[in-house]
Amino acid sequence: MILAPQRSPEGAGGAAPGRRAEAVPLIALHDVAKVYPNGRQALIDVDLLIPEGDFVFLVGPSGAGKSTLIKLLIRDELPTRGAVFFDGRDVVRLRRGEVPRMRRRIGIVFQDYKLLPRKSVAENVAFALEVTGALGRVVRPAVERALAIVGLTAQRDQLPTQLSGGELQRTAIARALVHEPKVIIADEPTGNLDPLTSWEIIQLLLRINDLGTTVLMATHNAEVVTALRRRVVALEEGRVVRDELGGAYHREY
Amino acid sequence: MLRFLVFSLRRAWQGFWRNVVMSLAATATMVLMLLLMAGLVIVLTGLNAGLEYFERKVEVEAFLVNEASPPEIEAAMAEVRALPEVSAVRYVSKEEALQRFREFTAAQGQPDLTDVLPSNPMPASIEVDLVDPLVYGEVVKTLEAQEEVVDAVLQTRDVVEALLTVTGTLRIGGLVVLGLVGLTVFFIVINSVRLAVVARADEIEIMRLVGASDAFVRWPFVFEGMLVGLLGAIVTLGVLALAYQPLSRLMFDFFQVLPLDFGRFVMRDVALLVVGSGVGLGALGSYVSVRSYLAR
Amino acid sequence: MLRFLVFSLRRAWQGFWRNVVMSLAATATMVLMLLLMAGLVIVLTGLNAGLEYFERKVEVEAFLVNEASPPEIEAAMAEVRALPEVSAVRYVSKEEALQRFREFTAAQGQPDLTDVLPSNPMPASIEVDLVDPLVYGEVVKTLEAQEEVVDAVLQTRDVVEALLTVTGTLRIGGLVVLGLVGLTVFFIVINSVRLAVVARADEIEIMRLVGASDAFVRWPFVFEGMLVGLLGAIVTLGVLALAYQPLSRLMFDFFQVLPLDFGRFVMRDVALLVVGSGVGLGALGSYVSVRSYLAR
Amino acid sequence: MILAPQRSPEGAGGAAPGRRAEAVPLIALHDVAKVYPNGRQALIDVDLLIPEGDFVFLVGPSGAGKSTLIKLLIRDELPTRGAVFFDGRDVVRLRRGEVPRMRRRIGIVFQDYKLLPRKSVAENVAFALEVTGALGRVVRPAVERALAIVGLTAQRDQLPTQLSGGELQRTAIARALVHEPKVIIADEPTGNLDPLTSWEIIQLLLRINDLGTTVLMATHNAEVVTALRRRVVALEEGRVVRDELGGAYHREY
């Protein structure tokens, strides 16, 4: 609890500058390792500080550990070693009831979408608001706005099985935005989108970031990463091999 | 709170229809199990009513001396009638006794031996019905004290006890069977609700990852289980209502001696039992099943 | 063909263990249902044995004139014994008859009236056991023809028929209950296997999209259903074996007159029934469930 | 049956040249329309001929109907109007038993992978061979080779839930290759892969194509499409709006 802010100035060492290093880091990983039960070492020696309001690209080849890192942040998996802090609280030590509350403050786009199979597009998006206890009259307009942003107004009543790959992905994005979370964590949110739609989504994330929302985005989209020159954290075989401001996608993975 | 309830109920209703194959399969199981249980309860209640009828026939009988005069007999009967253990007292004349014996032996297929007798050997008697067939209390002593009237008191204690052993065994046997079938019903229903929830484990996981609290995930499932139980109970009651006429006729044929108001009361109890256990088991099954996914 | 069989069996085994929660839930249902059925069959078989014993007590009785001489009686008995409907013939002396009557009335709780009689009124008699209690054939006529020995033949036809009505009702009632429970078991098992398959509908769809033929998809599922059934049957037999001792003691207490070899034979039949219906229902349930997904 | 070959010379009109227009078209769509039960018109007036040995990119914005077209080819969906031919046979009129046989001749990478959830990587790949009735001793080495090609030898015994997004995609690719099909149809096969791995997969498909296998690939990967200059079929709102040899990805979708 106290650890995270304290260690923030020197914590990440030379490799992790952070755009606003003095600010309280919203996300902090200290010396994190993750070994899956089958023995696979997905993360090793990961130190990472993400200050509030940052925009971070997480890159790395397939199997580097990007999704694993994201799973640790939302406590979908527990680290084998080290500590994970979200907003100053140790994610591992949260009490049962606190975990859902923490997750509600994050908007997540899962790599495999994780949409509820028996709910329509609109219901899936609404769900993220409903869990926060929002009133029905607040939910409806917010959902419509989110669907309009990702261009799914026409598909609002289709079930996930009736959607194209890109539409599934956009539904997942809409769900991550709808409750206006403090942080948006997006795992490969444009993999199934055409370049034009991809750019629109990225622009959207940039605008949201400008309004103060922290964004962490795992991606393989070299063009976008290189063009935007934001902070880039590169993983390779579970290690952070690069963490630079204004980075390019760099090396062909 | 109320908002959450309404919300959960709506969710439950949706969940039921969007999983309609699963839901109906679970409902079908529910119906069969409830029918099994209701059928057993009805049969056992009938059996019980039959047994009670037999037990009610238990009585104390005092044979009277041939010389006893009507006023003396009246006095003796009044004294016995005053005892708290006694529910009724009857006088049986010598002629009545002979008649009964003849009927009895005829029913048993025994040759009628009374024809060869020189005179009526059967004594007159006083028959005493007891409130509780096992509590004789002062009855026997009181009767034996009337020496000028009573010749001997029939010690039917052995017979009564033999009879009560049989009815007791049947009752316990029935309860054991009911208990076993009840347990079976319990596990089967829980099991099939569980299967339906297991099939939706992924859904539960997704809900949790998006920030749903345990209550938010649980209650729609519990209500859905209750819905399955309620629907199952309604179908069961429908089937029972259709089967009521032929069933009650069969019951009367079988246990000819049932009190006439048997059917109506039992059906009300059975209806309560069916609805209660349907809804209860549905809720419990869902609760338990969902819990195992929330516990993680 | 054999290769396909081995392949499918291996797949079934894998499928069972990779869905272990589902499989065990289905197995548990199977066990409970098989136990229910086996229990019912055992009880009904016991009941049946009891009823047969009663029916076997049905006999024809000829009262003899007091003057009949031993050789005459012997001759009459020999003639009756020669009839094909007859299974046994016994002589009951006057003393024996009186003794029996005393025991009988005592058991019924009736006062012993024989003490007041001047002499033994009971006649000697010949008791005839029938092969089939309903087929009297020439027995009565043959007995009545022996005029110098036989006084009267006891016409127990009514009693016999009353008794047979009761036993018949009990038997039919038992079969009806068995049939209903059997149907319930059938649907429940099919249903729970179906639930397990429904949960894997996606898998079946994927297999088909990758080019699996219907047989390729179906047989592993059918064998998996059989595996569930077999496992359920084995567990059921285990439970029955454990319950065998106390159960058979209870049975003997209840139907005191059972033939001694009852237990062993019934258990073999029950074992076959349990294994057969477990495996059969498992296979049928899978087959039907998978078919509905292949039909599309 | 006779229709397809006969119409092949003139069938597709000016918009669809086809590299070897004289050859028997392996895949032919004639005037195909698909309306989903909910009323959505996913394909309209689609005519398409793909001769044996061709390499075709299928491009178009999200929701244009690419996956729907692929579903029609493997008879996962039936066309509302028109005819779909595969190797001279009308796919819609195949008898029950013939459908699996037809599918076995195609290697498909589904956009959502469609892996069997309770089978390991190796078992999933083996499955595509086993359905053809291949012997066990043939299956093993073929599976190992396919896994080596996509770089999943180390993950061979993991279940799909234990794989990263890119690993799932590569498993799906391995399954599509393992039985050496006549055609490979890949729906967005590189959406979750880093650029390096994507290029490796594309190179692999090109090599397989050189050996005579027909390849149809739906993709949003503009870089790849533009660089390779192969035949490009573009869909937009269910219509074929472009069909050119040596095309670029072109227009930003």
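As written, the chains take the letters A, B, C and D, and residue 1 is the first residue of each chain.
The working rule: a residue touches a chain if its C-beta (ideal position, glycine included) is under 8 Å from a C-beta of that chain, and two chains touch if they have at least 3 such contacts.
Computed from a prediction, not measured in an experiment: that's the story for all the values here.
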Query raised in the report: How far is the middle of chain A from the middle of chain B, if each middle is the mean of its Cα atoms, in Å?
Result: 63
Query - Cα-centroid distance, chain A relative to chain D, in whole angstrom - result: 31
Report summary line: The distance between the C-alpha centres of chain A and chain C, rounded to whole Å, is 68
Query raised in the report: Of all the residues in chain C, which ones touch at least 2 other chains?
Result: none
Report task. Identify all positions of chain A at which a residue touches two or more other chains, and write them in rising order. Result -> none
Query - Pairwise touch network: line, ring, star, complete, or other - result: ring
Query raised in the report: Considering every pair of chains, which are in touch?
Result: A-B, A-D, B-C, C-D
Query - Contacting residues of chain B [partner chain A, same complex] - result: 3, 7, 15, 18-19, 202-203, 206-214, 216
Report summary line: Residue set of chain D touching chain C in the complex reads 74, 76, 96-97, 100-104, 106, 108, 110, 114-119, 127-128, 130-132, 135, 175
Report task. Could you pull out which chain B residues touch chain C in their complex? Result -> 21-22, 25-26, 28-29, 32-33, 35-36, 39, 63, 101, 104, 109-111, 113, 116-118, 121-123, 154, 156, 158-159, 169, 173, 180-181, 184, 187-188, 191-192, 194-196, 198-199, 254
Query raised in the report: Can you list the chain A residues touching chain D in their complex?
Result: 36, 38, 40, 59-63, 66-68, 111-112, 155, 157-158, 162, 164-168, 170, 187-188, 191-199, 220, 222-223, 249, 251-253
